[in-house]
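Lettered A, B, C and D in written order, each chain numbered from 1.
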Amino acid sequence: MAISPERFRKAASRASSGLILLGALLSVYLLQLKWSGPDFHTRLEWFSIEGLPRLTAGILLDDSAALMLVVVNIISFLVHTYSTAYMHDDPGYRRYFSFLGLFTFSMLGIVLADNLLVVFIFWELVGLSSYLLISHWYDKESAAKAAKKAFVVNRIGDVGFLTGLAVLWIQFKTFDLEALEALMANSSIQNGQWTSFLGYSLNADWLTIAGIGLFLGAMGKSAQFPLQVWLPDAMEGPTPVSALIHAATMVAAGVFLMARVFVLLDINALTFMAAIGAVTAFMGAVAALAQHDIKKVLAYSTISQLGYMLMGIGVGAYDAALFHLFTHAFFKACLFLAAGAVIYALHEYAHKTNAHFDAQDMRNMGGLRKRMPFTFFAYLVSTLALIGIPFFSGFLSKDAILSGAYAWADVMSQEALSWHYIIPDLGFFTVVLTAIYMFRQLFLVFFGKLRIASQDQQAGLQAVKEVPPVMRGVLVVLGVMSFGIIWSVNPFDQSYSWFLGTIEVPTIVSPGFVVDWQPRLIELSLRNHLEVMAISMAMIVAGGVVAWYLYRPGSKYERTYYKRPATMNKLQALSYNNWYLNDFFNVLVKKPVTAVAQGLTRVEKQVIDRAINAFAVINVIIAHAISWIDRAVVDGFVNFSVFFAGRVGVMTKSLQGGKIQSYILIAIMGMVLMILWIIW
Amino acid sequence: MTIENYFILSAILFCIGMAVVITRKNAIVVLMGVELILNAANVNFVAISRLDNVQIEGQFFSLFVIVVAAAEAAVALAIILKVYKYYNTTNLNEINQLKG
Amino acid sequence: MTISDILFYLFAGLAVLSAAVVLFSRNILYSAFALVVTFLAVAAIYVLAGAEFVAITQIMIYVGGIVVLLIFGVMLTNKISGKALVTEAHNKFWAVVVCGGLFTLLLYGIFRINFALLSGSGGTTAGTNNVQQLGIGLMSDYILPFEVAAILLLIALIGAATIAGYKNENQ
Amino acid sequence: MLNDYLLSTLIFLPLTAAVIIALLPQPAKQFYKYIALFVCFVQLILAGVIYFGFNHNLQGVREIESFQYTEFTPWINFELASLGKLSANYFVGVDGLSVTMVLLSVVVLLIGVVSSWNITEKAKGYFSLYLVLNAAIIGCFVALDFLLFYLFFEFMLLPMYFLIGLWGGPRRDYASIKFFLYTLLGSVLILIVMIMLYLSVVDPAATAVELNLASNIENVSPDIVQQVQDMLLARQVPVENLVHTFNMVYMTDPGNYIPNSVMDVQVVRELLGQPARLLAFLLLFIGFAIKIPVVPVHTWLPDAHVEAPTPISVVLAGVLLKVGAYGLIRTGYLIIPDGAIHYAWWIGLFGVISIIYGAMCALASRDLKKLIAYSSVSHMGFVLLGLASLTSEGVSGAIYQMVSHGIISAALFLIAGVVYDRSHNRIIENYSGLASKMPKYSIFVIIFFFASMGLPGFSGFIAEVFVLLGSFSSSVVNGLIPRWMTILAATGLILSASYYLWTIQRMFFGQFFTKGPVEANSLTDINRREYLMFIPLFVLALLLGIFPGLILDLINQSVSLFVETVNNHEFKIPHNN
């Protein structure tokens, strides 16, 4: 893509979309082949280090991978298509599409890799393409900063990932997932020592550390507390990118990774994960409440939903989490693309009316429902899916997770009241918040009047136009995917879903696991399904009512919204600033690191270099002393000998002064001495 | 007269000639010293020839020495004149350049 | 102490004394004249030693030739301006040391030689005409050195004339 | 035939060319660079011959007969009466440990010539010194005789000093003298150890000949060597028959040490209250640490890099730093493994400190070249950590890191050179938004920055991952490196991402403008010659990132023997901790 000439840019982008479509069709075909069949695994020898097992790389295709393949390909295709319209007059068009291609490639790599090292490689590549795409408009300072932040924060997670890899490596000397599973099943914990089949032994804590390390990687990619700070900033990238990377696929890679290594985790790591997931879900939802940027709301909502998914994995609801991953991928992509459509339309509007305003700020929007029906439809459907209204996809998956969490709390607390119940409770509370912020956004964007038009006496709502057909088509496809009927015959009971029916929860094989933990979870979650559904329905209704009361068209909030400052009180500020996590990081990490760096440089300049310079100065002083000695003593001696030789020379010079008589004198003298010597 | 006396005389003259050659600055005086030395040698030759009056070889030698001395004196004086023309002095101390 | 002994000592003393004058006189002309005396005294010693011909030659060549030559030399090389023709001495100390040393050495040598072994046929009387012997010797046994000496004198003559002779710088 | 003298050709070709350049008259000025280029290109071809002719199954390391392309010529031999015989030989050869270094140097030196293309000032001196440097570097990597190694090691110093001191930036005098004194200090320490070793080690083969056990060196069989060693141990060899040697391979065999000598392996001799062998290791370590460089003896590096002309920075970072690490492997680790194990913890610690400290300083530096210089310190820390772990993964990773850093840091310095060439200013904050002004350049910058921060797909990733894995498993395999060190080292990855990305953000992203003395018009995109330098390095970094086997196959056997040798050494460990 990057090397294709400028005039073929349209053709090239279509070609790449076409290739992705081909990939999507192939992946659907693969899914058909694979579905419920045995796992497909090929290995190629990659390289070897003497004395160690050979490192292999290959493809491991199981049900979840095949599904993920389809999701990635389809959404990628849709985003490609959407982008041909959305980005059509961007100067970096070719760059954009080549990076999009790179991203899709790397994402597929993560999905298919059979080897944690290879996963890590693609993991990083995905991070790279994310970096490149966020900084697409690189001349924007904020975009450049956001890209940097995204990558660096991800790196923090990656260090955890590497640590996890290292622990697995020293125990098992392999990264191959299937081999790891088998080896893990053969390892055992005795007396606090974790002994592997290969005879290596470690403290049992390292099993937990490995799990948490891997999870740390996922925390980075999937924007979990406390590493979620990068995701809202990443919205600086083009909207389709946000849809593809920062909502549907890449951020879900963390969840997918956790699903892949699910069997290797131990109970402590899982608990940790569940807690982090729940906290993130709650924090994300709170942060979404007071945002004014249409994309930021969605970004926080993504964080929150990702928190759900990881909580799902953590509580052992592996299948539910994956289910939510897939449904979320579609409806969140749809939301983002619809938001993109809104932004696009407002841009066009601004262009037409020569108005200058922030096309992403919800304070400028309103009433768009009438002029953008397709977009509205897509938005509405996916919002309902996100909130978890019955008949929509989100309902099925979210309820599955919540009932899993509830069951988990039951199991973990052993029917007694313990802190474990906080986790499902946070989940339920998040449902309320989700309903509030999503309805708020829906109201503020699509209902009421176009605030920018009414305030600035500009051309009215009539000037706003629906987006081009390509974008509309994409929105419709994604909107349709948000209906529950697609996923489950019985829209009220996820257990009827074809998805959950096929994905089986793999048995955790890490040593020290209570054998009946998983069966009990499943049993309990099936039993509590109805109560969970009831609770969550109640929550949604509560949220809906609150949202209606606060944000309905004509409410006080809505009327004053245009002039509203960013925050009105402390609570809003807390939400708006995402719990002040950024400042937190600034104070706790960035500032100290910078200070230490500056300090070290100063230390180097002032201590090490000064020490060395002082050393040099001392040396020079010593050298001077020595040179004095040299002059006075050594040179003195030399000078003396020179002086002596000079005197001798002067003395002898008189003998050599061209004075013949002196020569004669000397000759005679010599003669006399010789004779003397001879006759003596 | 014992021959030692001749020898002693010769030695005295020789040493005086030598002293002249060494100490005097004037080239001509130096030449005189050289003549003295030659004379001292001649005295020896003659004295030796006294021991052997049949062949009188010593006297032959002294004759040749006188001849050579004469030739030497002539050439030496010519050179001194030439040098004097060049340096305007016969002081040996001032004549110390090899190249004119 | 025979008369010849007395004469010997007399002339020897004269020779030494005049030689000393050559050595110590600051005036070049005095030196030259003292030299004449020395030569004459030595000639007398020759006579005492039975070498009349050599003595004559000595007087003729040295006193008549060389010393005159020397005096001419003195004259030619000194601007005649009324002031005395003086010359300085240097290296005196070393000269005394060296010459004294040499003299001592020679004396030592002389006294160590056992002349008694040599003087087997000594005691030649004066009056024996050895001029004839010399003439025959020069024309027979010593003809080659004689001729060489002659050529040497010729060469010296030509050489001296060439060196000292005036040359036109322009040629 | 060619194979017999391949390494000598590799060493002496540039030396000859240097002489030729020095002799050429001034009007032939424009040919100097062509000669240099030609020579380096021929070296590349020869190195290719070595690469393809290299037998992967021969291990080298401590087995004198399995070195390849060996050449042996007696050099200095004389009797020292009661001290036995001195023998230093012209002995060169490669094994897996050194062949990679030779290949790397040849490539980097070639790139260096291309980047020297615009040097016109005192070109004769420049190119002849460059070629002398070239010869010395190659010589260092192939020498198997300690004296020869030391000779080449010292030989590198002088051309480097002049190249920095004559063609460098404004503070070149300070930098070059600092460089010179630092490295000279290191050399002196190494010299001391060399002499200690020389006094303690005998050449068993030559000694056998002296003892009339064999008629000549070729006839010495392993049995005879064993016999000589037994005699040595029993002190049956007369002192005047001992043939002292500088041969580094013989030095690895404990049997060749003279009983009761300074470096004796049976009895712990003490020097200055320290066990002599440990002290010797320490001296060697410090000596080479200066060259690597390791915090805190690294301060010559930033100055030298900042002041050196671009090609010299390239060679300095690309190859010279590796000489230090290579020397440590070849001498410190193999000859004094007991010291290596004794001090492994400290070496690892210094590695980790270098990683973090280098990265921190890079984060705080305002000068682009200084930043890259500090990143070198950081990356060379990984080499040290990998070595200290003494596991196959760790050591392979360390050597891989040497190669990888050689390529990538060379590219990074070229990158700094491009901007400096155009505007004569390297201060980061004087630039902004270069991506719009110099898009192609920015692409390469981003590629190499990411490569340097260990992005998968580039060589640095493989190296760093294996170093980390190796040092992590060290605690299980041999218990030398604690795990927290690895985790701390891994945070270096975060820091490296931060400083590179921050630089990209400040220099390349954002609105285009320049500040200070930088003229916006002077900033033109890269030209064809610069492509010629960047593309091979890019391809190499990528190839090595995707097919690590290209290097690992060469070094595998040697590394495994190396690890085994050092871990299971038969030298007596001094018992004091």
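Note that a contact is a pair of C-beta atoms (placed from the backbone, for glycine too) under 8 Å apart; a residue touches a chain by one contact, two chains touch by 3 or more.
Heads up on the chains, UniProt names are A = NADH-ubiquinone oxidoreductase chain L; B = NADH-quinone oxidoreductase subunit K; C = NADH-quinone oxidoreductase subunit J; D = NADH-ubiquinone oxidoreductase chain M.
What you see is a predicted model, and the numbers here were worked out from it, not measured in a lab.
K.L.:
Would you mind naming the chains that touch chain B and likewise touch chain D?
P.N.:
The common neighbours are A.
K.L.:
Can you figure out the chain closest to the middle, judged by Cα centres?
P.N.:
Chain nearest the overall C-alpha centroid, as shown: D.
K.L.:
Quick one: point me to the chain whose Cα centre is farthest from that of chain B.
P.N.:
A
K.L.:
In whole angstrom, how far does the Cα centroid of chain A sit from the Cα centroid of chain C?
P.N.:
A distance of 125 Å separates the two centres.
K.L.:
Using mean CA coordinates as chain centres, what's the gap between chain B and chain C in Å?
P.N.:
Each chain reduced to its C-alpha mean, chain B and chain C end up 6 Å apart.
K.L.:
Whole-Å distance, chain C centre to chain D centre, using C-alpha means?
P.N.:
Distance between chain centres: 91 Å.
K.L.:
Roughly how many whole angstrom separate the Cα centroids of chain A and chain D?
P.N.:
Centre separation, chain A to chain D: 36 Å.
K.L.:
What are the residues of chain D that contact at least two other chains?
P.N.:
none
K.L.:
Touching two or more other chains, which residues of chain A qualify?
P.N.:
661, 665, 668
K.L.:
Where in chain B do residues touch two or more of the other chains?
P.N.:
Residue numbers touching two or more other chains: 18, 22-23, 25, 93.
K.L.:
What's the complete list of touching chain pairs for this entry?
P.N.:
Touch list across chains, by label: A-B, A-C, A-D, B-C.
K.L.:
Can you tell me which positions in chain A touch chain B when the two form their complex?
P.N.:
657-661, 664-665, 668
K.L.:
For the complex, give me every residue of chain D touching chain A.
P.N.:
Against chain A, the touching part of chain D is residues 178, 181, 296, 299, 357, 360-361, 363-365, 392-393, 396, 433, 435-436, 450, 455-457, 461, 465-466, 468-469, 472-473, 475-477, 486-487, 490-491, 493-495, 497-498, 501-502, 504-505, 508-512, 547-549, 552-553, 556-557, 559-560, 563.
K.L.:
Under the touch definition given earlier, write down the residues of chain B that touch chain C in their complex.
P.N.:
1-9, 11-20, 22-29, 31-33, 35-36, 39, 42-43, 46-47, 49-56, 58-60, 62-64, 66-75, 77-82, 84, 90-91, 93
K.L.:
So in the complex, which bits of chain C are touching chain B?
P.N.:
Those residues of chain C that touch chain B are 4-5, 8, 12, 15-16, 19-20, 22-23, 28, 31-32, 35, 38-39, 42, 45-46, 48-51, 53-54, 57-58, 61-62, 65-66, 69-70, 72-74, 76-78, 87-92, 94-96, 98-100, 102-103, 106-107, 110-111, 115, 118-122, 124, 128, 130, 133-134, 137-138, 142, 145, 149, 152-153, 155-157, 159-164.
K.L.:
Can you list the residues on chain A that touch chain C in the complex?
P.N.:
By the definition above, chain A touches chain C via 661-662, 665, 668-669, 671-672, 675-676, 679.
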